[in-house]
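Heads up, the next two complexes both have subunit A, just with different partners, subunit B and then subunit C.
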Partner chain A sequence: MSEHWLLGKRVPRPDAIPKVTGEAVYTDDITFPGMLYGAVVRSPYACASIRSVDTSRAEQLPGVRAILTPTNSSLFSTEILYAGQKVAALAATDPHTAQEAASLIQVEYQRHRAVFDPIRAMSRDAPVVRPSRSQEFNNVCSHQRKERGDLETGFAQADIIVENTYRVGIAHQAYMEPHACVARFDVSGKLTVWTSIQGQFNVRASLASMLGMPVHDVRVIAPEIGGAFGGKTSLIMEPIAVVLAKITGAPVKIVMSRQEEFIDAHPGPGCIIHVKTAARQDGTLTAEWAEIIYDTGAAPGAPTGNFDRTRGLYRIPNFRYDIYSVYTHKLIPGAYRAPGALELTFAFESQIDHLAGELGQDPIEFRLKNAVDEGDLTVDGKVYPTIGLRESLHQAREQIKAVEHKPHRGIGVACGKWMNAIGASGVILTLNEDGSVNLTSGAVDLTGVNTVLAQIVAEELSISLDQIHVQTRDTDVAPYAALSGGSRTTYGMSLATQNAVRQLKKDLFEFASQHMPVSPEAFTVADGKVVPRDGSHTGIPIRELARIAMYSARGPLTVTGSASDPSWLADSYIFITQVAEVEVDPDTGEITVLRVSSFQDVGFALNPMLVEGQIEGGIVQGLGWGYLEGLVFDKGVVLNENLTEYKIPTALDAPELVPVLIEIPSADGPYGIKGVGEPSMVVTPAVLANAIHDATGIRLTETPLVQDDLSTRQGPLGNM
Partner chain B sequence: MDAKRWIQLTVNGEEHEVYVEPRRRLLDVLREDLGLTGTKEGCGTGDCGACTVILDGRLVNACLVFAISANGKSVETVEGLATDHLHPIQEAFIQHGGLQCGICTPGFLMSAKHLLNSNPNPTLDEVRFGLAGNLCRCTGYTKIYEAVLAAAKNMREET
Partner chain C sequence: MKTFEYITPETIDEALELLGEGAQILAGGTDLLGEMKRGLATPKRLINLKGIQGLADIRSIPDGFLTIGSLATLSHLAEHPLVAQHYPLLIEALQRTASPQIRNIATVGGNLCQRPRCWYYRHSAFPCIRKHGEGCFAMGGQDRYHAIFGGHRCFIVHPSDLAPALMALDAEVRIAHADDSRIVPLTDFFVGPRDSLTQENILTRQEILTAIRIPVPPDNAYGTYLKVSERKATDFALASVAVSIAWLDTQVTHARVVLGGVAPVPWRVKQVEEMLIGDELSGKRIERACERAVDDATPLRHNRYKVALVKGLLRKALHAAHRSREKGEK
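Coming up: the complex of A and B.
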């Protein structure tokens, strides 16, 4: 990709400057005179009916302005389906008073029998959380089946069958900024909401629909966002803040505490995967069967729709996968960075490793023997284009060769797949009178998208990067943008920007042809000038054309650009191989992750520093889910609802990271890019489990991969 | 509710007198009374380090310090790092991609400053240990270590 002068360069993020000075404004930094603070009362029980709510003591507390309960607000129900469910809310003049008032609200509950384990919930005598969509089982929220070939034949052809049950725990995105929002109605009745969210337009649509207001009467502003990872895609506190603001006539802010984050946000789901995988002695896979049971808690939320997006790495002629999501009396899961991919990859890539071991084959050679290629079919029967799976395995093989083997150390390998979305994307490009460019976007910048959009505009116009000003603006100003998620943002917004800047060039060339004896098609841009390709004229600087246009009959040069795709997913296949090196203490079982190398097909890295940042961050999140993290419940109540007891990786846990970028261009992506926001964490728990097995001979099948299962030294009482 | 009290704080070299309720935290006074919202709240329980400030030369979580207990003391926050130009640590975080969402960044910068004040030439492990009280969920930490080591080198060369 050497034809680019600025794309592919390690450009620092312009938004880093206000972030290092403390000037960047996040939602909780916003205050208004007379602003009230909201607080929420939550159920301590997982399954109950509310008999009564007594607000009399809270009402008497000075500073309390409004109280919402199931009696006076449809936001709250008298039927409790999980511990932590919101029961009542209030607004008061300061956060302390609000918390104090919340503690004074007395709720009387009638408790009912509850069910917490999804397999137990499926039995016919289990308590019903919600009506089942299955004749056969209780509490089934959804079921789908993927199949091909004939399972019996496939298993009959096999020389070896490996069967295991894997369990993946519920893990929180643990973004460092808790959810926050501020709602304010102006005198005319227009609503403005500031909120920490991945998609402004989704919030606008949801609130407008809830309030019966037209969308143009709802303005949603997303200030800087302090991490999200899928956890800030749906409304959580906004409706409550809006109703409190409506009743009181004052702006209302609600900030979730870290405890509330753990008990009532939408973490990555728990999942149980029972799987049988079969192969011939020569290493050819013949069949696979799996039953996948997602714990979707008290309402639909488990990401069951991404099977084809993340599986289909190997040629398996006969398969059947049944994917269930099942209601339990627990909190409601949601999207967490590549939703649905990590848990499936953990199970299926552990199986591949297990089979390779049983057959005495090298795990990389075993994968290469069965890996899909161009022309093979995905699980859903689509045909693969050119893909990077083999290349990533080849590069991983070279890496492994260089690793020195030592006692108590292990090396693991695993592969993964993901596909990025596109999503509705619009931008406005305005050429200023000094030749600088404003780009207005409605997409929330999570990953540095605004930096790469600036690179694209500068590249295409051949003007310097500091002349490009990209801003995320709110729903009143910016064109529509789908939420920033699904690894879509840079892909979709770059397509829109590419369309816009090419239109701007077309307009510039047409205008330039009025000032040079050259036809519009014969122009190009070079060094900030519009010049004829044949060199017949020295050209005119873009800034000069911008100024002339503004004060001529032409008027300002302003264009829009759009992109979308009705199928949501792009034809963009991202494959990754990771290699992990671990050391396991034979006495304590303590795991030290020494190094994780990641060989990921990124299509084309518009900004390698930002792409590496996505990969490194994803790996460490994947490590967290793999061996440190998981919500612990007692009767549906989260016990580890703080960052002391729910351990995310610290600087001492993070290993050496080696992100290797493989560039196999996507067919339709702008400049050949593929999504990079999510895929990196998909593989990590699997590769960690495989490395632990290599070090200890013990195959862990449950996350977090707990260390006291791993002591291999024989003690006086046997294998301790 | 206890009666409010006057306290005196020196923040980034500037003296302030603030009238506070005893239950309010140093973090609340910095953010709400003084408008210094660069110091962030990530957990309120001293686990995440987003509210890290330097109090009389010691690194503290401003969410765990009552404002009245800081009476008469000197506080350094992220807003005090840059003078007429960015501090070398800030510059290094920008150049090395040591931040993404940025909400943990002010805390990391203060921990890094505190570390380099006492140890201008840290090893990688000393950097990791010095930053162990600050959680980052975006970067995987690698580019943060690189930034701090680069800043240390630049600061040594400057002096």
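Coming up: the complex of A and C.
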């Protein structure tokens, strides 16, 4: 891709410095005179009915301004479906008074029998969390089936069948900045909300519909955001802050504590996967059957819709997958970076490894034998275009060959797939009178997208990067942008920016042809100038054209750019192979993850530094969820509700990370890019489990892997 | 958060006078503040020791002891040249304690007096026996991190990494009281649930831990501290072992073996020490010592792995000791 001069270059993020120096403004930094602070009362019980809420003592506390309860607000229910569910809320003059008032509210509960395990919840005698969608089972929230061929024939053709049950625990996204929001009505009744969120327009739509207001009367501002990873896609505290602000007439701020994050945010879901995979002695896969049971907690939230988006790596002629989500009396899960992919990849890629082992085949050769190719069908029956699965396997094979074998070490390999969304994307591009450019976007910058958009504008106009000013502005100012998620942001926003900047070029060329004897189509840009392609004229600097246009009848050169896709997902197939090297202490069974290498098809890396950052971060998060993390419950109550006991990886837990970028351009992506925000974390738990198996001979089927009985890993181990 | 009085006395005597019902000592605050935020500690008066001159000093004194003021930070101790020279085992323990940021604030006294980390004890929803409530929720509950030794109606483990290491070095503590002060071997400092279900050491409300003394280890002594935790930093021990061994020729003449993370107190295994003394440290003997160390283990539902872990850690530590002696010979 050497035709670009700036795309594909390692450009640092300009927002990095204000973030590390503390200059960046986050939601909790927003304050107003007379602002009130909200606090929430939560149920300690997982399943109960509220008999009464006594607010009299809290009302008497000086500084308390408003109290919301199930009696006076539809935001709260008297039916409790999980421990941590909000029961009441209040606003007070300072956070301490708010907390104290919350503790003075007396709630009387009638407790009921609860159910926490999704398999238990499916049995006909289990307590009903919500009405079941199934005739056969209790508490079914959703069920879908994916099928092809004939299972019986497929299994009959097989020489070997491997059957296992995998369990993945509930993992919090553990973003640094907890959910926070400020709500304020102005005298005209217009609402402004500052919030830590991935998509400001989603918040605007939800709040406007809740309040029955037109969207233009609701302004949502997303200040800098301290991480999200899918955990900030839906409203949590905003409706409460808005109602409290409305009642009191004062701005209201609510910041969730870390404890509240762990008991009432939307973590990655728990999942149980029972799977049978079959192959012939020669290594040909013949059939696969699986029952996938998501724990969706007290309401729909588990990401059950992404099966085709993340599976379909191998030619399996006969398959049936039943995907359930099941209600339990637990908190409601949500999206966590490539929602649905990590748990499925863990199970299915462990199966592949298991089968290869049983057949005595090399795990890479086994995968290559069955890997899908251009022209093969996805699970849902779409036809694959050119894809990078084989290439990533080949590169992984070379890497493995170079690894020196040592005692107590293991090497694992696993593959993954993901597809990015596009989403409605708009930008405004203005050529300033000095030739610099402002780009206004409504997309929250989580990953460095604004840096990349600046690169695109600079590239297309052949002007230097410091002439481009990209800003995320709020819903009153910026054009619509779908939420930053689904690996869509750079993809969709780059498309919109590409459209905008190409329109700007067209306008420039038209304007330039009034000043040079050249037709608009014959122009190009070079070194910051508009020049005829045939060199018939020395050209005019863009800076000059901008100034002339501004003060002529033409007026300022301002354009918009848009992009979207009705099918939600782009035709962009991202394949990854990862290789993990681990070491097991023969005395203690302790595992050290030495190195994880990731061979990922990224289409085209607009900014390799940012792409590598996404991959490295993803691997460490995957290691977190798969290896270390998981909410621990007792009777529905989260025990590890803080970052001491809920153990995310530290720098010392992170292995050496080797991101290798494979560039097989996507057909319809801008500059051939593919989404890179999510897929990197998908494979890591599987690859670690496979490496641990290689080192010890033990196949771990439950996350967090570290909580296996270490003793089984001690002693002279495995197949070394 | 409840209001409280905050006082910074300038002498130990002043501090002792301020003690009493509702008063609590504040050192680095890395544990106490967490306890206060969760409503586990509700002091009416906080006595901040950081105004007392000399309480953070680390000195060697003529009679061969190292004296560590209770207010010395963990970082300060880990960086002290005398520690590097005589007690490398302490450095190993300190390097595996919490995180650099916490070590810069946490004090040695506070580390020995820190409260249990049991998640039922720390959680507001579980009124357990250690909070003057009823019963132990870990029994029959989520007991992966709990005790395999010495539990009795309560199955906390002592969270300190420093305590087993200091105990293996025969440390003593100095305790100040308005009337007199006393010196107590660290082995007698900690209190298990058979003796108290609400406190983990012998300090009364009227007392302050002022210093820790460590004798110079015997000649040819080797010490090591090994710890296994799920996360490589900022994590408490699943199990740990502190070992101090000395030899005359090939014969073990001195042995201390103390386990961490497996009992309500740092768990000294005297039966192992006794069987090691007077003999060579052969592979066979090491295996027997490892078995012996877990003789009286009574694991709960989900923490049987700790039995194997203790054996593995002890095996590793004793082999390291053996190797170091062989190296010393060459």
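Heads up, the rule we're going with is that the second predicted complex is superposed on the first by the 707 of 720 C-alpha atoms of A that agree within 3 Å, B and C clash if a C-alpha of one lies under 4 Å from a C-alpha of the other, contacts with A are read in each partner's own complex, and residues count from 1 in each chain.
Just so we're on the same page, a residue touches a chain if its C-beta (ideal position, glycine included) is under 8 Å from a C-beta of that chain, and two chains touch if they have at least 3 such contacts.
These figures come from a predicted structure and were not determined experimentally.
Novice: Comparing subunit B against subunit C, which has contacts with more of the residues in subunit A?
Specialist: Of subunit B and subunit C, more residues of subunit A lie in contact with B.
Novice: Given the touch rule stated above, what does A:T644 touch, subunit B (first), subunit C (second), both, or neither?
Specialist: A:T644: touches subunit B and subunit C.
Novice: Once the shared chain is lined up, is A:P178 touching subunit B (first), subunit C (second), both, or neither of them?
Specialist: first
Novice: Between subunit B (first) and subunit C (second), which, if any, makes contact with A:L652: first, second, both or neither?
Specialist: So A:L652 meets both subunit B and subunit C here.
Novice: Figure out whether A:P44 sits in contact with subunit B (first) or subunit C (second), or with both, or with neither.
Specialist: Only subunit C; A:P44 stays clear of subunit B.
Novice: Return first, second, both or neither, reflecting whether A:A265 touches subunit B, subunit C, both chains, or no partner chain.
Specialist: Touch status of A:A265: no partner.
Novice: Please work out whether A:G448 is in contact with subunit B alone, subunit C alone, both, or neither, and reply first, second, both or neither.
Specialist: A:G448 contacts subunit B only, not subunit C.
Novice: So in the superposed three-chain picture, is A:G613 touching just subunit B, just subunit C, both, or none of them (first/second/both/neither)?
Specialist: first
Novice: After lining up the shared chain so the two structures overlap, which partner does A:F229 touch, if you call subunit B first and subunit C second: first, second, both or neither?
Specialist: The answer is first: A:F229 touches subunit B but not subunit C.
Novice: So, A:H96: does it touch subunit B (first), subunit C (second), both, or neither?
Specialist: After superposing on A, A:H96 lies in contact with both subunit B and subunit C.
Novice: Need the overlap of the two footprints on subunit A, from subunit B and from subunit C, as residue ranges.
Specialist: Residues common to the subunit A contacts of subunit C and of subunit B are 96, 644, 649-652, listed in rising order.
Novice: Going by the contact rule set out above, which residues of subunit A touch subunit C in the complex?
Specialist: 44, 83, 96, 99-100, 585, 587-590, 628, 632-634, 637, 639-641, 644-645, 647, 649-653, 704, 706-707, 709-711, 714
Novice: Inside the complex, what are the residues of subunit C that reach subunit A?
Specialist: Touching subunit A: residues 1, 99, 117, 119-120, 123-126, 137, 141-142, 144, 228, 230-235, 304-305, 307-309, 312-313, 315-316 of subunit C.
Novice: Using the touch definition from the top, list the residues of subunit A that touch subunit B in their complex.
Specialist: 10, 12-13, 15-17, 19-26, 28-29, 31, 96, 173-178, 224-229, 255, 257-258, 446-448, 609-610, 612-613, 616-621, 642-644, 648-652, 654, 656-657
Novice: Which residues of subunit B touch subunit A once you look at their complex with the stated criterion?
Specialist: Subunit B reaches subunit A through residues 21, 23-24, 31-32, 36-45, 47-48, 50, 77-79, 81-82, 86, 90, 93-97, 99-106, 109, 127-129, 131-132, 134-145.
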